[in-house]
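Report on one structure; see the data block that follows.
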């Protein structure tokens, strides 16, 4: 069933010292393996600044938020800086409501997030 | 750029999605919207989805206007099945009245329509926009339109 | 500019729209989409619709993961009622298990979550985005979440 | 039930000699009274060139097409020129399939339709 399949694409790339992890699609419980692996790979490569860049993520549920909370925790432990970008208004609001925005700055665009982490 | 994968999930059994609607004009829009969002998530092209919207709208409108006409508190039952790349939509009504206009094989006669004659075009429109369509009726029960659209 | 009017139609009885979904994660998206399109046609604001999507998604996910967990071929039943400016969505599952986390009155404790604790936030999220919500359960039958959102 | 209510807005205005009838919303059986009245009013006022301008009409069904066929018939009887504009691709295609485009030229924009009828 196509619409139940994994409709999430996670890729990562470097932007100077900043690692940008692009997250395209549904952020639900099924996103765990991909997002965690992308984070672990970046960390093993020595990433100190990370941006989670959401594109067209029209669907993030509480299980997806729980994944992001675990990334925040790991970043804290590993002394990494974390920012998020590309969230639509609704999810920016939810991230603020939940308090996630205290642990990872939220920017409209990837460029703003990269600039902030680079400075 | 590095790409990350999740382990493949097992496919669930092909249980359908079922929608029951009041037999009132206007509610065909709910069927049309629901099928369209399922089709969009399956990856159908926008023009296929637009066609499917028309097909579902005409089928549900026929169920309301013909199949269920005169039945109080009737409902329209829409059964949506996703199997691989095929989307099947069944529209069922509660009455049985024989289909009487050739199941939409012929292009509606616009000349006659322009003379003021009432030429049906719902079934013909459905035929234009789906890969497969079948009308069946069970005396004393109801009619069913079964439409199949395939992705790619 | 001249404006034209049609005679007002009589309002149909408030028969609900019913949706039955396989109890499989992923299908909550169908519920979310269907409710969102009904809400859009009712004239809700985009931010209200976005909130309703989250509320419905969390309610259906809970039905699948908690209410129906361990039941083979279970289904989730979503009943959508439109009455005036109010949209009511009921999400029903088939099992009965007492709700055990305070019905989402408290903001999820992010500090504890950051310590690795599993803090639920579904019910709390639902509460943030609807005007009214009620959780009820019938022993031996199932749980129901009733959510109401009002237009304007 | 708000979404069953009449969600169609029909208005009309003059553009030089051309009468533009704006149709916003669902074109179904419930559109009949409004569209027919707008046409009749324009005709009684002596309109010789008419544009049916569809905006955001994401829903036109066979009952709506039947209404438009009756307008085409009346225009023929009354010796009026008729054009249509603002239809999305799907409905342009349907109007061509049904053959309606032989009786009323179909233009992308209102401006094109008005220009064609004015010339």
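Points to keep in mind about this one:
The letters A, B, C and D name the chains in turn, as written, and every chain counts its residues from 1.
By definition in this document, a residue touches a chain if its C-beta (ideal position, glycine included) is under 8 Å from a C-beta of that chain, and two chains touch if they have at least 3 such contacts.
All values derive from a computational prediction rather than experimental measurement.
For the pair chain A and chain B, the distance between C-alpha centroids works out to 40 Å. If each chain is reduced to the centroid of its CA atoms, chain A and chain C end up 27 Å from each other.
Centroids built from CA atoms put chain C at 26 Å from chain B. Multi-chain contact residues of chain B (touching two or more other chains) are listed as 12, 24, 27, 29-30, 38, 41. Residue positions of chain D touching 2 or more other chains: 1, 3-4, 30.
If each chain is drawn as a node and touching chains are joined, the picture fits none of the line, ring, star or complete shapes.
Contact between chains, as defined at the top, is found for A-B, A-C, B-C, B-D, C-D.
Looking at the complex, you find that chain D touches chain C at residues 1-13, 30-35, 37-38, 41. Taken together, the chain C residues at the contact with chain D in this complex read 1-9, 11-12, 14, 38, 41-43, 82-85, 151. Considering their complex, residues 24-30, 32, 47, 50-51, 53-54, 57-58, 61, 107-108, 110, 113-116, 118, 120-122, 125, 128 of chain B touch chain D. For chain D in complex with chain B, the touching residues are 1, 3-4, 26, 28-30, 59, 61-63, 65-66, 69-70, 72-73, 76, 88-90, 94, 97-100, 102-103. For chain C in complex with chain B, the residues that touch the partner chain are 12-13, 15-22, 24, 26-27, 29-30, 33-34, 37-38, 41, 73, 75.
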